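Below, chain A partners chain B and then partners chain C, in two separate complexes.
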Partner chain A sequence: MKQTVFLLLVLLLTLPLASCYDYSEPDEKAWVLAIGMDKGKENKLTVTTIIAVPKNIAGAGGGGEGGGGGGGQETFFSVSLEVPSLLSALELLDAVVDRRPDLSHTAWFVFSRELAEEGIEAYFAPLARFYQFRRSANIIICEEQAQEFLSRGKPILEDNVSKYYQLQQQAYQYTEFIPNDTLHQFYIKSKSPGVAAMAPLAALKKEKPINNGAPSPRPETDIPKGEYQAGQLPRQGSGEIEVMGAAVFRQGWMVGTLNGDELGAARMLEGTLKQTIKDIPDPAQPDTYLIAMVKPRQKPQIKVDIGPDYPQISIELKFEGDLLSVQSGINYEEPHMLHIAEQAITQSLQEDINKYLAKSQQLGTDVAGLGLSAKKNFRTWPEWEAYDWESKYPLASINVNVDYRLRRIGLLHETVPLR
Partner chain B sequence: MSQQKPVVGESEAVTLLLTFLSYKVFLAYGVFIYSEGLNASWIIPLINTLLGLLGVLLLISLLSKFPGQDLVKIGEVLSGPYLNMLFVLFYLFIFLLSGGLVLRLAAERMAVGFFVDTPISLTTFFFIAGALVVSYLGLEAVARTARFLLGILIITAMAMVIFTIPFWQFHALYPLWGSGPWGLLKGAIKNSGDYVQILFLGVIYPFIPRDRLKAIGIKSVLFASFFMFLYILVPLLIFTYPSVTELAMPSIEMARIINLGRFGQRLEVIFLPVWVFSNLITLSIALYASAAVFARAFKLNDYRPFVLSSAVFILVIASLPENVSQAIYYHYKYLTQYSLSALALILLILHSVAWIRGKEESKG
Partner chain C sequence: MPNWKNYASLFLYHRPREQPSVFASGLEDHISDEQPAETPRLFRRQKGKTSSGRRKPRRPRQVGAKTAIEKKFHLELAADQAIDRLLSDKTGLAYSLNDNREVLAKIFRVPKNKDTVLRSLSLASDPPVKALLVFIDGITDSLLQNLAILQPLMLLSGLREQAGKQNQNIFELVKEALLPNNQIAVVTNFNKAVEDILNGNSVLFIDGYNQALSLETRNWPNRGVSPPQIEAVIRGPQEAFTEQLRINIALVRKTIRQASLVTEFVQTGATATLQCAVTYMDDLANPELVQEVKRRLGSIKADFIQETGMLEQMIEDAPFYPAPQVLVSERPDRVAAALMEGKVAVFINGNPFAVIVPATFFTLMQSPEDAYVRWPFGTFTRLIRYAALFLALLLPAHYVAIVAFHQEFIPTDLLLAITGARERVPFPSIVEVLIMELSFVLLREAGLRIPGTVGTTLGIVGALILGQAAVAANIVSPILIIVVAVTAIGTFTIPDYTFSLSIRVLRFAYILLATVMGLLGILVGVFIHLGLLVSLKSFGVPFMAPVAPVTRKGYDYFLRGQVWQQEKRPDYLDPLKIRRQPLISRRWLYPHRAEDKSDKS
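Coming up: the complex of A and B.
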């Protein structure tokens, strides 16, 4: 009898293992993949949610013109709600979406520039507190209304818009023009003295194609590719969204933008650049280009002396890379010519970095985190806080030394001229 | 204490003490330490290690004077039944409160990030039911279970640290002195109670190899201090000061931030069993220890009648905090702060009495 009762008790105890309260089925959830926030029209905020349509993602594969996926079917839909706060939208979604909304796969939090310039502290605070959000998600600042940006941002290569968001951001590994800051970095930088937060800048492509489609004379001087930022790229084709440059923040307010080259320089100083391709005017024939790969050779060496009035910063940056192309046909590959190419590349990098430093000091935002090296000069945290780096940084005297070495010359060891 | 022969080996005893000392690292450990030491909070566990070693050596020297006797009995022999009753109440306070707050915080952790729709009472019930069974089966069952799971606990605890290496930012360690030497010392003293659970050594002493007492005590403190140090340092490197002070349960955030590419995310569910095992063992230890102290105080040989009553006490304590903030605060106020000093005071009183008696006996 005792054994039977014991057995029955054990069997009863196994019942809750099926998880009665937190039972949930993936096909009963509405997976929110991106959230956009704009200044509200009828309430404080307009929150736009991008929700996956899994049946179309799973069934995709055929051709077709349909937005956001193969098979001519939409792989996501958007819902915009006028709400007083971000999480209010989560509950209101229940009124319009049959499945229970779930934010745990949200990859992008998109703020319109208009909202970011008025301060986003109140809106990104729940992103760290609410259990469904992940710090690996990205904060994106878009030039337009986030509602329009997300609704039109349909992937071409991917069926899954979530994969598109993630891969688009991961391009920071191959280009200097996209910051690698996730919500985690954005959040801790926003709260730390000695470094300013930045977020990827994005925009929809220009309504009009390059030069309105009409032929025009080429500008007298070439425009370096890094001079652009999102929303300015002269292009035709591909998807609607472009991500390039960064929005920089001070105390939760967006105070300016960095173009591609400025962002690249900031990332070189920050030590997060992995690789980039540089077009440098050929020193012998300035209307042609030397094209080189640039990779960091070692971590940036930053020394900060705390002067009585302002800090003095000296920076050593060491890079290396491959010669990818010599348009002029001059044999820079020869050992006695290599240093001329190296010098030209070094000078170009130095100019980019100096331009960035001038701009960041003008904006008063140390996104490269030079202040993090200044901390070493202080004994205690209260002393460091009392120094007030943010007020000293715009006055800092900064000296940068760049050293670039060409390691490889590609598959050719000399260039024979065309005849 | 139904048995009087050694039944717990050295490694099992170390495991029990290690688990009981370091259960905090999977809960709200560090919440108040970061506010004391600022960006140099990692120094506080190092100073605390010294305080913990001092405490355990004081306990060991007392126990070794009374071979085979537990702390309750030693207290009765030295200070008499009335004063000893006060000491016993302190021991019970530590064990029951540790158990109660582990139960509440572990259940809160499940409610905050995993079983958000499940009533916390149900989670609490399952925790206490599991611990009740293990502790009822006795010290051997608790020790063997703990020893069996130790490898998994250590490997996963270290994996959680290793997987977060890409997020470490060493600039977070500067300025090196954080709140300053005085601030760090003050912080260490205020958090010295992290080692008060060494008291458990005084309860299991009759069951462990007597000649290994010192080794067991010192090893337990050193191993526990390693994990306490690591679980203060790593969140500091990942989240940096001052953001790290915001975290209610830093170990959960450590697990949540692990990102091994597009498919290596949301790994906290892998670490969840580890946290549950650790908390269940801690709860079993607290239950067993409370029941054993009750039994000794009432001069009974069998602790088992007190397991259920201890469980009721623990459940009541777990229900006392109105919210998770209060639970974290109670843990800090009543366990972490100064409780080691109170234990040291009791041990010093017992040492003094033993010394005076020894002197009188030698005169006689």
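Coming up: the complex of A and C.
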């Protein structure tokens, strides 16, 4: 008994040896919500960190006089440092910010296009290795300098800029124009043969608003909405940041961009598209639109035949959706007319996909991951690596078969002309 | 110096020793008198090395030495010792009434003591026979004494008419024919007579006989049966035990109307013997369990045990373990249900609680109402209760661990809210948590002790301190108020009071562990805690049965099954009858199959 008590005491005394190592209060840390990387002016890199100001985000919390909350007060501030590497910024931040910087809540890693086109492999490496970075963060490529992009990117609806970053990215669930690739997927895709990485493309608002006085001639044909990408949106209002389209990478180098429709097609092939809305010129009256919801009916069926010279890929895509609007008033809801609408939508989808495939083959980046389906033709990993999919993909002959079905016609069962 | 080699060997892997199976022989250990060949001990002392070398032997107290008090009052002490000896030797009664009267007067300290009444009377015989009625005023029914003892003896006996008969045994005559009293016993020694008098009986001594008659005249002051205060339910009987042992057992018997319900009385304690009833179903409870309960109760030699809580501490298996090992209930229906499972209940006179043994973790987490509502709700309530247990035990610890060690667990929005709220708080999180937890414990204790008339004041003060002022004064952050409040609510959800007390204390241990090592510390604590619980036994039954060790499980240990699914009694009790109800309980569903299949057990 006495010895048991003695042993217990010894064990208890070992507890203080740990002495609350790692104990840290959340208000003793500076929460870095986003990190931007540009080509440096004095040093190799300019690293911009966005640091939250919690007392303004939490509003009146903590006492009576803190009232007023987010309105008017800055909810974050940015610090830009000229450093040789990303993590050296973490050290230098200690000199500038009183609280210890912590990267575990970083939501966005923003690379400027300029930097990305010179290759981000070296800067990217610590993101995958260092424990504080979470893999659910996003890599964003911005058209401008990341420093300017981040410090001007103030949310309107949110107090918390991190929530803004996350929600902006989460639009991938209901639109085709934003990829859903996180840091983890970006990393996995970057190091795997058979698939190329892509990252959301972002930019600041266009310099000139649309109505700048002089009426510009409207083009002959309408520009489809998916023709745009970030930095080109004709818009007025809202915040500074826009996210649309993707930057595509080959071996850590950014080689080009995909606009909205191309990205949508890539995501259809990849099988990650959840839903999107398509507007298609009416087959009977091409100046009016037929608007329909598009959802995948099943996973894309991709068969890759490894030919002697180049692969032959046949893809079967099946979609379904609802009819949202018929501007022309033609009764496509009628059973005998339904297939006309379906055919028009199918054709439009097919065109989009073909456009994407042509562009990706031209860029030589298989962001849709068609190579992953080719992998099963090889028995061993070295054989697959030796095949060198990246060099074969641009030569592949690809045959796409799209099938679209209209399932529901919305709340109207026929279009009645307005009188 | 301790032997360091022994300590080091604790951290090395050892092949587990062969243990006899717990359930091979039903209830194990303690019951048989034979000792195991080798007593398992954590540390075995090295042979040939005694502790006497380094410790000063304690000087034995000199035999016969008297303290100052003993010297000063040696006359009184001698008298007391003489009385004690008289009682413990079970000295027989004298033939002479005067002798008996003198002895009784000595024993009851008459005339100092005004409670004891020595009523002289003469029986209405010819010649009159002297008699003496001894009782304690206040715990006897004087009307009953007048009508059923004194009146027949003094007025209506008709002894005068029988005066002529020879060899008349007046004592037998009085006992058989003259006392219309429902319970009557013959007493032959002073010890028994004193015991009966103290229990509220009246004892009649008759001149010329060395026997006395103990007559049932008990009339203790007692309150009526009232609704349960601690284990309140919405559905189910609204009766609770009272302070009267007989009434309590009657309440159980009201529910279980079976001849096999047995109530045995065990005398417990030394200085003041305690009336203690062991109740069980003779055809269900394992006889070894009953015997073990009686053995433990009967062997207690203690000064003064008056409450089930004290009795519990005397009979529990492991006093140092942080969990109660008996179930205490004030509900007759709960006791009845336990008895019907094959458990044993212990009642103490003067106490409105019954002790049910053995207790397991899962029974401590059950409420009788689980069975009274339909099963989905019973099951849901139980799930909620286990969640509450988790919250009550671990929530503040998790708060400390996550806020101070693992901020990456928190969603960014919440983290920034917590950080923002904490900006003005000068203390570290752990100090905040301790301040709030301690003030809550304080408030709870004050609420228990505060006189009812000023109770509302405490509510106002407590709500202000805990709710608002602490936040407004920047002593604690508002999120912590939620944590403490949820923890408090969780604690009150645990049905067993003793168990919730142990949770309340252990919470602080977990907070300490979380402060030192974060979630890892909590994990270490849970490991040790679980290890303690699975090694714990209550009257030979593993505390975590039927989960550890794994035995046959019914539909009523973690979740609540349908009533018609409760077919077997708990395996860990080894009851005499396993099957509780036939395979087909609802025979109206299967009128044709019912006869042939159902009674196979």
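To be clear about the criterion, the second predicted complex is superposed on the first by the 384 of 419 C-alpha atoms of A that agree within 3 Å, B and C clash if a C-alpha of one lies under 4 Å from a C-alpha of the other, contacts with A are read in each partner's own complex, and residues count from 1 in each chain.
The rule is short, and it goes like this: a contact is a pair of C-beta atoms (placed from the backbone, for glycine too) under 8 Å apart; a residue touches a chain by one contact, two chains touch by 3 or more.
The structure displayed is predicted, hence computed values, not measured ones.
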| item | value |
| --- | --- |
| Of chain C and chain B, partner touching more chain A residues | C |
| First (chain B), second (chain C), both or neither touched by A:134 | both |
| Touched partner set for A:7, first chain B, second chain C, both or neither | second |
| Touched partner set for A:54, first chain B, second chain C, both or neither | second |
| First, second, both or neither for A:102, with chain B first and chain C second | second |
| Which superposed partner A:152 touches (first chain B, second chain C, both, neither) | neither |
| First, second, both or neither for A:376, with chain B first and chain C second | first |
| Partner chain(s) touched by A:27 [first = chain B, second = chain C, both, neither] | second |
| Which of chain B and chain C A:297 touches, first, second, both or neither | neither |
| Common interface residues of chain A - those touching chain B in one complex and chain C in the other | 16, 19-20, 22, 104, 134, 163, 166 |
| For the chain A and chain B complex, residues of the former touching the latter | 16, 19-22, 104, 128, 131, 134-136, 163, 166, 184, 187-188, 191-192, 369, 372-373, 375-376, 378-384 |
| Chain C-facing residues of chain A, complex | 3-4, 6-7, 15-16, 18-20, 22-27, 29, 31, 33, 52, 54-59, 61-64, 66, 102, 104-105, 107, 132, 134, 160, 162-163, 166 |
| Contact footprint of chain A on chain B as seen in their complex | 38-40, 112-119, 122, 126, 167, 171, 174-180, 183, 239-243, 246, 253, 256-257, 259, 262, 265-266 |
| Footprint of chain A on chain C - complex, ascending | 2, 7, 10, 42-43, 403-405, 407-408, 410, 412-413, 415-425, 428-430, 472, 474, 477-478, 512-513, 515-518 |
